[in-house]
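Common to both upcoming complexes is subunit A, partnered first by subunit B, then by subunit C.
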Partner chain A sequence: MNRKLINWSLGIGTPLLLVATWWAASQNSTNTFFPPLGTILERFQALWLFDHFGSDVMLSLRNLVLGYALATVIGVALGFVTALVPVVRWALDPLIHFFRGIPPVALVPIFISLIGFGIEMRLVSITLAALFPTLIATVDGIRSVDPSLKDVSAVYRLTRSEKLAQVYLPAAGPQIAAGMQVSLQVAFIVMIASEMLGSSQGIGAMTLLAQQSFMTSDMWAGILLLGVIGFGANMFFEVAKNKVLAWYVGSRRLSKS
Partner chain B sequence: MNRNLRKLLVTAGGIAAALALWQFMATGPMAGGPLPPVSATLAELAGLLADGAFWTSLADTLVIALAGLAAAAVAGVVLGVLIGSFEPFRYATLAVLEFLKPIPPIVILPLVVLIFGPTTQMSWFLVFFGCVLPIIVQTVAGVHDADPVTLDTARSYGLGRTEILARITLPSAMPFIGTAMRVAAPAALVITVVAGLLGGGPGLGSSIYQAQAGGNYPTLYAHVVVLGLLGLAFQGVSRLSERRLLHWHASYREVLPA
Partner chain C sequence: MNTTDTNPTINIANLTNSSPAGGGRPPRLEVTALSKTYGTGANAKCVIEDLTFTVNTGEVVCIVGPSGVGKTTLLKCLAGLQPATSGTSAIDGRTIAGPPPEMALVFQDYSRSLMPWLTVRKNVRLPLRHLHLPAQEMNQRIDTALEAVGLAHAANQYPWQLSGGMQQRVAIARALAYRPEILIMDEPFASVDAQTRFELEDLCLKIREDFGMTILVVTHDIDEAVYLSDRVVVLGSKPARVLDVVDIDLPAARDQISTRSLPEFARQRTTVLSMIRKPA
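This part shows the complex of A and B:
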């Protein structure tokens, strides 16, 4: 009991202590690279909460959400077709695997040259880069569906749509979710990269611009905001995943104990 | 047999169709634009292979990615074993690790570029930062996965701390570390490219940036093709070595068909 209390206070105390140390150590800092934390937070409030919320923060988040949503829908749909229709699988397999090897950020310059620097380029970059993890996970998930499940659904004469929605989708669900989580990371990275490469709007562009003009506090404020978004998006996904896949999480826990 | 032949034909047809579509778009509707024809890209690719500068930047990329990965592996496993072995350490770092883990290294890229400038160290540090956290987290999980009965047995036979660590804890954490390394190796390559593309560090990333900025589209596409092949090689090698090195572990043993 006592030990638990100590562990808990360690868990909550250490991060607080770290932030306090950062605050205290940087309070009178004149180092250009590490401005006082207080100044960073002031700039954070001034930049992100008021001035640029509508023009930059919302823009970045909208691109992220829209691009990611498109990527998952297309990825799952294309994954189903690829996994279930042999001819499509044979034809697309080498292409999918080739695109999987390309670092997603390396595609951004190509989209810039094809579409320009606009919002469409950022949206297309995010969508296409985030597509592949979900697509590949969906194909793998459906390919590894237990054959006896297929037999049973054949015996019960389930229609095609029943089979897809009630057998394949739940059976491949955990793998699809894992792929979607990787996709979310990729979408976030490409969101930042597409803004850093020659755009003037968005959180990534603002942060890089601040760095290039030596406005260090503004740069730190951007890094903080991006960090919070990255963490928040992942946490949101975890919560949603545990809700949707509650049956799977529960069965895993049972089989472990 | 017949089915295999048909599969081969369809696969070849798929690749041919994709290339044909690319060539058609580049010479037809989008001729003279930013999309180079397949032929020009392949010619550029052949030109690159004869170019010393290309091999230098390829070598830079590989050295940065592998050095960063190796440093991250050593630091990650050492820290992971420490954190995993001592309960207070684990609780103290839990929140910090969980907060930092989903944050990709590109977020701190501006800061790292500000401190190091567009140098090899900058790219190297970014790779290290991006790979070390997942390795720590996985190692901690692996250390905790050690079978308590085995640990108790070892203790009652009077094995020392280091012996338990070397003979029980580390071997049972190996598959976790292996998984982390398999994921980290392709990531190291990606981060090196990002550091070159956005931070100006040496390697293929900055070659891509220069090709795009200078409008050398065949060069741009040839580099992306090279990166695609390199990425596949990284994924393949890391998966193969994981299986080779960990073949003794229960989760990798293959069941022979009866």
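This part shows the complex of A and C:
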């Protein structure tokens, strides 16, 4: 109990201490590249709360959520097919590993030339890049389903849809979730990159524009917002994961103690 | 050209073969000249060779043999999980090609045969969903099964929150609720402590009484085989083949203390043991 309290205060205290240090050290800064934190926060408020909120922040978030959701659905579905249909596995396995090897951001220029600078380009970039971690994790997860669970399903003559939804999906759940978490990070990176490379709207575009026009405080404000969004998205994911995979978290905790 | 003419003859021949030879109870489960070989050519490994035995309706039959003899392979063939290389196994004369609807299997490794994401109750319910039973009957079956194994109080817990013996009882309850006519158990009590083992053995006999099931148990424990069985099929290695089938002439009502102290019990277990220990 006491130990827990200490851990929590460390977790909250350290970032607070860092912010305080930043505040104090930058207070009288005249360096163009490191403006005072107070100025950054003022710009943060002016820019994001709520001037550009509707036009840029919501746009970025919508692309992120939509692209990520698409990537998850396609990744899990394609992963099931790849893992369970041998022909598909043989056909797709090398391709998957080839595309996985390309850094996701490097794909953005191709999409710009293929699809243009629109929202579609950004969505396709996010979806395709975020697809692979979930896809690969799903394939691995389903291939490593315990053979004895498959035997149980066969002996009790479970239907195909029962096997898929009641056995394979939950059994592969922990691995799929791990893949989805990586996909979330990738989606976030590509969201920003696609805005920086091929757009005039969105948080990424605003941040890059600020840097290019020497509005350093605005640039810092953008980076700060990206940090907050990334942190929030991951936190949300963790909470949802622990809820859906409560059985897994519980059994792991029990086997450790 | 002659196929249409010969087919009926084959069917009649099959029917005659599967009818009981000695009158009395017909064999429920019939294994005939069953062989299983893994691999081909020089790498071929024969695990089971020419195995023949029968199990009658309402009987408890144990298969004993040294460990690693291929007992699990035999069960997988019987349950329709693996095809046999040659020979057949049949229920009521019908050859088993896939998992038969009237059969349930309790696996050796309880911790890996239960779904850790489902509560005890939902684990028991899983195989019943596709039977499309009325909700009331489904719930009643689950309640009866959980009560029979003494786990009604743990219905809403997860398997991993339970002890090994309790987990194996969940696996048994799942089989009971499915109401199979034939229950096959693969070393079901191998990894529980001695006291739990006695309880589960008696539970097995009680199931036969209460549900009228035909039960086939694979075990390496000779005492357990003699205690549970009407007949014991003794396997020799390697490859596995039937050394003998021993009729157990113990009183039908078994008791862990009094049955095990009967002179007849000691005699039967000595018979089986000496058969297994004898060099092949």
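The working rule: the second predicted complex is superposed on the first by the 243 of 257 C-alpha atoms of A that agree within 3 Å, B and C clash if a C-alpha of one lies under 4 Å from a C-alpha of the other, contacts with A are read in each partner's own complex, and residues count from 1 in each chain.
Everything below uses one rule, namely that a contact is a pair of C-beta atoms (placed from the backbone, for glycine too) under 8 Å apart; a residue touches a chain by one contact, two chains touch by 3 or more.
Worth saying up front: this structure is predicted, and the values here are computed from it rather than measured.
Upon superposition of the two complexes on subunit A, no clash is found between subunit B and subunit C, which fit side by side.
Superposing both complexes on chain A places the Cα centres of subunit B and subunit C at an angle of 90° as seen from the Cα centre of subunit A, in steps of 10. In the superposed model, A:170 lies in contact with subunit C only, and not with subunit B.
In the superposition on chain A, A:33 makes contact with subunit B only, not with subunit C. In the superposition on chain A, A:5 makes contact with neither subunit B nor subunit C. Subunit A has more of its residues touched by B than by the other of subunit B and subunit C.
Once the two complexes are overlaid on the shared chain, A:100 sits against subunit B while remaining clear of subunit C. Of the two partner chains placed by the overlay, only subunit B lies in contact with A:15; subunit C stays clear of it.
Superposing the two structures on chain A brings subunit B to within 11 Å of subunit C, judged by their nearest Cα atoms. No residue of subunit A is contacted both by subunit B in one complex and by subunit C in the other.
Listing the residues of subunit A that touch subunit B in their complex gives 6-8, 10-15, 18, 33, 86-87, 90-95, 97-110, 112-114, 185, 188-189, 192-193, 196-197, 207-208, 210-211, 214, 216, 219-220, 222-223, 226-227, 230-231, 233-235. Considering their complex, residues 146, 148-149, 151-152, 154-159, 162, 166-167, 170-171, 173, 247-248, 250-251, 254-255 of subunit A touch subunit C.
The part of subunit B that touches subunit A in the complex is made up of residues 7, 10-11, 13-15, 17-18, 34-35, 87-88, 91-96, 99, 102-104, 106-111, 113-115, 189-190, 193-194, 197-198, 205, 208-209, 211-212, 215, 217, 220-221, 223-224, 227-233, 235.
Contact residues of subunit C toward subunit A in the complex are 76, 79-81, 98-99, 101, 103-105, 107, 109, 112-113, 115-118, 126-127, 129-130, 158, 160-161, 174, 178.
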